[in-house]
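Naming follows writing order (A, B, C, D, E and F), and every chain is counted from residue 1.
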Amino acid sequence: MIRVGREWAVGCVALVAMLAFSGRLNAYQEESNVLTPTASTTVPVDKGDNAWMLVSSALVLMMTAPGLALFYSGLVRKKNVLGVMMQCLFLMGLMTTIWGLYGYSLSFGGSPKDAEGKPSGDSAWIGNGEYFFMHNVEPKLVQKDGKPELEYPMEGTIPRLTHMLFQGMFFIITPGLICGAFAERMKFSTMVVFSIVWGTVVYCPLCHWVWDNGILAYGSPHAVVAGLNTGALDFAGGTVVHISSGASALICCLVMGKRLGYGHDPMPPHNMTYTLIGATMLWVGWFGFNAGSALNAGGLASTAFTATHFAAAAGTLSWPLMEWITHGKPTVLGACSGAVAGLVCITPASGFVQPMPALLMGAIAGVVCYFSVNKMKPKFGYDDSLDAFGVHGVGGTLGAILTGVFATRQAADAAVSSGAELGLLEGGKLLVPQVFAAGLTWVYAVAVTFVLLKILDATMGLRVSQEDEVQGLDFSQHGEEGYIFI
Amino acid sequence: MIRVGREWAVGCVALVAMLAFSGRLNAYQEESNVLTPTASTTVPVDKGDNAWMLVSSALVLMMTAPGLALFYSGLVRKKNVLGVMMQCLFLMGLMTTIWGLYGYSLSFGGSPKDAEGKPSGDSAWIGNGEYFFMHNVEPKLVQKDGKPELEYPMEGTIPRLTHMLFQGMFFIITPGLICGAFAERMKFSTMVVFSIVWGTVVYCPLCHWVWDNGILAYGSPHAVVAGLNTGALDFAGGTVVHISSGASALICCLVMGKRLGYGHDPMPPHNMTYTLIGATMLWVGWFGFNAGSALNAGGLASTAFTATHFAAAAGTLSWPLMEWITHGKPTVLGACSGAVAGLVCITPASGFVQPMPALLMGAIAGVVCYFSVNKMKPKFGYDDSLDAFGVHGVGGTLGAILTGVFATRQAADAAVSSGAELGLLEGGKLLVPQVFAAGLTWVYAVAVTFVLLKILDATMGLRVSQEDEVQGLDFSQHGEEGYIFI
Amino acid sequence: MIRVGREWAVGCVALVAMLAFSGRLNAYQEESNVLTPTASTTVPVDKGDNAWMLVSSALVLMMTAPGLALFYSGLVRKKNVLGVMMQCLFLMGLMTTIWGLYGYSLSFGGSPKDAEGKPSGDSAWIGNGEYFFMHNVEPKLVQKDGKPELEYPMEGTIPRLTHMLFQGMFFIITPGLICGAFAERMKFSTMVVFSIVWGTVVYCPLCHWVWDNGILAYGSPHAVVAGLNTGALDFAGGTVVHISSGASALICCLVMGKRLGYGHDPMPPHNMTYTLIGATMLWVGWFGFNAGSALNAGGLASTAFTATHFAAAAGTLSWPLMEWITHGKPTVLGACSGAVAGLVCITPASGFVQPMPALLMGAIAGVVCYFSVNKMKPKFGYDDSLDAFGVHGVGGTLGAILTGVFATRQAADAAVSSGAELGLLEGGKLLVPQVFAAGLTWVYAVAVTFVLLKILDATMGLRVSQEDEVQGLDFSQHGEEGYIFI
Amino acid sequence: MKKVEAIIRHFKLEDVKLALSSQGVQGMTISEVRGFGRQKGHTEMYRGAEYTVDFVPKVKLEIIVRNEDVQKTISTIMRAAQTGQIGDGKIFVLSLDEAVRIRTGETGSDAV
Amino acid sequence: MKKVEAIIRHFKLEDVKLALSSQGVQGMTISEVRGFGRQKGHTEMYRGAEYTVDFVPKVKLEIIVRNEDVQKTISTIMRAAQTGQIGDGKIFVLSLDEAVRIRTGETGSDAV
Amino acid sequence: MKKVEAIIRHFKLEDVKLALSSQGVQGMTISEVRGFGRQKGHTEMYRGAEYTVDFVPKVKLEIIVRNEDVQKTISTIMRAAQTGQIGDGKIFVLSLDEAVRIRTGETGSDAV
């Protein structure tokens, strides 16, 4: 009780403090706004683009819950169904709050405002503080030739607010994916602290490296290593989202150890119908995730949408076909897993490949992840409860590499298309930076996650007590039951 | 049986009659259309806006079902799961039909067509009949310089049809929210009649007062009380939807009395997973509810979307944090309730506040509603089965008031921004009309609901028989079972 | 085992082969693209339209799963819940792959490219191969006055890719609907082969006849039968989707025979809550299905959206009202079925009718389908497990006919509005071609399905073994269980 | 030692449990059962197909008591579970050869 | 008075119920059980992990009958529940000390 | 012939089953029950309303054994199901009048 006490105290004080502050800050902004000259461009909002991006934001939020919440919770035992769902829901609240306060700024602050668009040195590693508390993101009332007018800071053709929302949804689901690795045994309070730190120290910098002219961004002057100064391509988060979460997931299950009775007691999924509903919601939501990453509703969105849909489809076929061959029966879980594997794999490539290669990538992902989950996991014996590493880590890495093979200027945004050849298939050299980016992401995510877990283990403790684990997280962590059917 | 007989007879005759009539009417319109000169403007449809508003309409419908249907049904006992879901589904059919026949006209008929836009006196209290049976809402084939052309009556940059659809979705969910108050004991047939009358007598006028230049509308010449002639701000339905339903909900549970065995028998939620899925669907759908209320896909939609998302997030944290403090465990139901509380509270403010105050409002709502549900309800002992009053009544009122505190011209539509200061924080006087509007809504909803219930009690009866209540509404009202798992 | 072996082998080889080929093809395209002169127009993408169409595509996918998957799976016995869901999910993968490889081309290839838009003779019956493997659908990098530029083949104001995606979602759900007829007894492997052939031989030609200037298309020079050369109107798939699947469904249950114990053992729906959630998701998704069929986000989309919503609403009332009259209780399943019946019936008419007639059509559909399912089925005694024929076959045919009655130039796209009178109500002759189109679709679907089933029965076998049927498809076909609640 | 089995209505479980504990019963085991008897079930209707559900959900109590407590136990259950309506349920008594407490190995009446 | 317990296959429940009622049995109580015996269970496979489910779902019938009716009841159940395949189930008979009808307090054979 | 009923913890089922089969038990029947005893239940909290769940989920085993095997069976179950914590459960033994194998009609000890 006392420990619990300490824990919520921390969280609570933090929340109150930050809210109070933000309250004050806002009041301060009211005056300041009118004074401060604004640097943000004032192109009008393209409503078609904004409509699409708002919808995409909603779709990506839907991926975390109900999507992921159903997909994951169906795979655990009945006694832990709420434990998994709660992690997804609570992260929606937690990560969103962090994102608004400073996360977005650490990820995207800096480069855009720099002198004539040339990114400043300091923004190679991490964003600056210009967007703290949504400053320079929220609209301002300015005087345009005499009369008052609302000015919206823009990101391309959409309000920066929309860009912040869309990117913020990625910030929610990424730690959510990790939860698959330590499901059924992690302490809720520790999970909360882990997510806060992980999001801040792993996700934000990585996001900046790849998508905000950082050290891994394609065409960024900061792109590390002379030979690779083109940087890597990651359309919708193969490295930022899937490799980072998948690699961290592996560390989590290695550091935390197996669930009690793993290998001895049967632990079949308690509700395969939830898993299927969740998987199909992920599929639908992923259209927002990938096609939304075009940041507009033009042709590029259609290309990404197509690649996403085709890869998911091929994965839905190839994984169960592998089962059909090896065990004589295609399973529902196989089809669900294959769909997700295809979606994960196509994510970094979705804006850079044609439909047929997308189909091929999805099929390959289904087969490769089938082996990683059905063969590799048993071989090494780690307990990746819901295969967060097996699907997202492996599939994400595979996707990063295959992007270096199939990416083509025939399907990309203007900037990239007018550049050099991309994938191997069209004689490009992209493969090298792709591998490098994947590797660097792996190293960074693994290192930070390992240290973080060790510290938390020593302070708060990572696992619930044996008793609580046997009883299930639903009651031990939340004092509730998932279903009361009698 | 005879009673039942009488009941459906009424409903059935009504339906047939109205359909037959509408059939005729339509035929009549065919000719008339060409004759009648049309007053509606003919600005072209802004497809970005229309796309967004159609999506928003779909999202708001999704709020009622699966959203609310899951959120509510998970909270009742297994034997009443279908009873709750059926109320949501049937209301989708019922309220939509009413809305199309006359509801939209009573809510929005009148003012727009008036001589040079100046609203006519008669439209201060209720809409006129110009939109009955979708007349002047549906498209017409007109002759434009010789050749035939389709003309769509417009509302701003979108077809009036779209405006009718979007607003119609609100008309569905509002009575749906009330169902939370009398869940597990109300007679289905009586619920149907109640909803028809309540929607017509409470919702339509209220909607007109607030959103169609009525006595409460901001800047309306009809705004009551000299000193308050600015009227109140209600961006997406704090008064129209949440206070009206929440206040009526309180009366419902007071007039109907408690469920059999309330306080004695345990009545835990039978399916917390449904409640969580429903809550997250409400969150997603609420983007359409609030951001859609901008009626376009411009910057204002982004502001409202952001405020909505942030308030929901903060509520998701603050309610369970209160539980963590007081009982040592954050519950899933707490997180779900907090999200909804935050969403309810931000609804009237969503288009008028900056991100940080939105975060603050959500956090406050989570705490306040936590107390209203966990402390106030037990104290007074009424049986608000699913806390329709505790969350929507209390949260809605809180939101109306806080709008008077945090609303700012820095984030609003042009019309409002160019006006006087708004919230307390920027030195405005909005607080007074906000409190007045909330109060008036309370008085009106309470009075009408009370009378209506008394009449229904005397005629049809409000509650099912004790036997039926013990057996459960699923079988007694619908002759079905929710789950057959054996 | 050997048989199973043979089966997957076929499927597997096919998949690998086709993927390999497509890989090569793609490589080949890379070069060829630059050479081949492109005929596709280069109007800019209308982002509002594209945003809406991408959303609609997502909504229609959502109809198959979770929508249809939940609606159908709730109606079967617990032991077959996964069997039904798997059919929906697997079809998402299977039909999408086929569609991308050749299905879209067989359906829509040809006419658009023809000399000055006049469709070539060969395209009266089936599309040509111009879109095989997404050739001429995917973007190309071309040289525009010296500098490289991406060119997107267009369909009206949206990229052809978007059109392909949207139409592809229809290709998924149509065979999915048929699954309702043979639920709880069909062999999975046979279902897979059936869907591949049925989609290719029945759906693609039909789609071409109706929507690509084929023999049934409105205003097509190929429209068969002199007197009827106007062709028929089918806005969103009354014939192509609902009659074709409904008619085939009837043949399926006739050829396959009844489920073991049908009539003797009770077979109540095992999870009515899933059915309701699914039905409401279908309702929401149908907005994409019908309003998306406008192929733009203009006024027509609003008309179709309204008609869809109103018809669903009226059906939700009329079916349960029939039950209320005849049995004294309105059921949840009745309301769900009524909503779907209304949606099916309005599908072909949605873009051509005013709101009130739409309301009327929905109400009629609810009543007619009520009789087809509750009276006609027991009378003839066929086992249409989930009433795929009773609702889609009957409702679809009804809709095609009523379109001939209520369609009006007052609400239609420019082309049609400027033509002759349409429905009976406005003195048009449309009824004749409507009946003809429905009839031809019936004949064609019935004939092909019958032959196909007979062949499959002789080769692979249609039904699972008695033992497997008793044990349930979840385990016998997929080796899994739906729920493990102990 | 006797085993008292009682089949009662769901909504009477709470009352019966309280009555028994206040009478000093230390423990019991309950399970979900469905009963068929004079009390008729009901008919459900799905798309015109009628299903007669003639098994009514009931709760089954199993209580091990000392021989001398049997009568008291029976009458306590009867008082708490009775509504007078058809379907109240039954009480059955069986003889027990042995009872063991797994935790301690105690046997006989010490075990319960 | 005897208590006849029968463990049978799910899809035989309907037949057994009909056979018993037509034989004059007034009531019975059933419950969901899972059985383990000669009939082997099956193996499920989730992402490569194999789970042997060796408990097969069965239905358990509990019927209180007068001593003289025991044989008839047994043979009726046997006839209705038999398929000849392994897994048909068992019938067990126990002696009852007492039976009470909660509604009326009737005891002995009047109670059933 | 005796009927051994054991009420044990869920997570001990696997162990008990293995122990019994290795001891030669050919079959058993299990069912889900909820128990009430010294082991206290827990309290759940929903929106401020407290619910004491004082019935703990348990598994009930029913095993028919030859008289001479009763003791062995009891001790096997005890060994496998014991944790020493309150709530380990009970074992009850009842006498059986008759046992029949539905498939073959065999009776007595041949039936099990």
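Just so it is clear, a residue touches a chain if its C-beta (ideal position, glycine included) is under 8 Å from a C-beta of that chain, and two chains touch if they have at least 3 such contacts.
Values in this document were obtained by computation on a predicted structure and should not be read as measured data.
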item	value
Interface residue identity across copies subunit A, subunit B - same or different by half	different
Length of the line joining the C-alpha centres of subunit E and subunit F, rounded to whole Å	18
Subunit A-subunit C separation of Cα centroids, rounded to whole Å	34
Euclidean distance of C-alpha centroids - subunit C vs subunit F, Å	53
Multi-chain contact sites of subunit D, meaning residues that touch two or more partners	31-32, 44-46, 53, 94-95
For subunit C, residues that touch 2 or more chains besides their own	46-49, 51-52, 55, 266, 268-269, 327, 329, 331, 333, 479-481, 483, 485-486
Chain pairs in mutual contact under the definition given at the outset	A-B, A-C, A-E, A-F, B-C, B-D, B-F, C-D, C-E, D-E, D-F, E-F
Residue ranges of subunit C touching subunit E (in the complex, touch as defined)	261, 264-266, 470, 475, 479-481
Interface residues, subunit A side, partner subunit C - complex	46-49, 51-52, 55, 59, 78, 268-273, 276-277, 279-281, 283-284, 287-288, 291, 296-299, 301-303, 305-306, 309-310, 312-318, 320-321, 324-325, 327-333, 335-336, 338-339, 354-357, 359-360, 363, 408-412, 414, 417-418, 425-426, 483, 485
Subunit F contact footprint on subunit E (complex, rising order)	2, 6-8, 31-38, 54-55, 58, 60, 70, 74, 77-78, 81-95
Subunit E partner contacts - residues on subunit A that touch it in the complex	266-269, 323, 327, 329, 331, 333-334, 337, 373-375, 377-378, 387
List of subunit E residues in touch with subunit A within their complex	44-49, 51-53
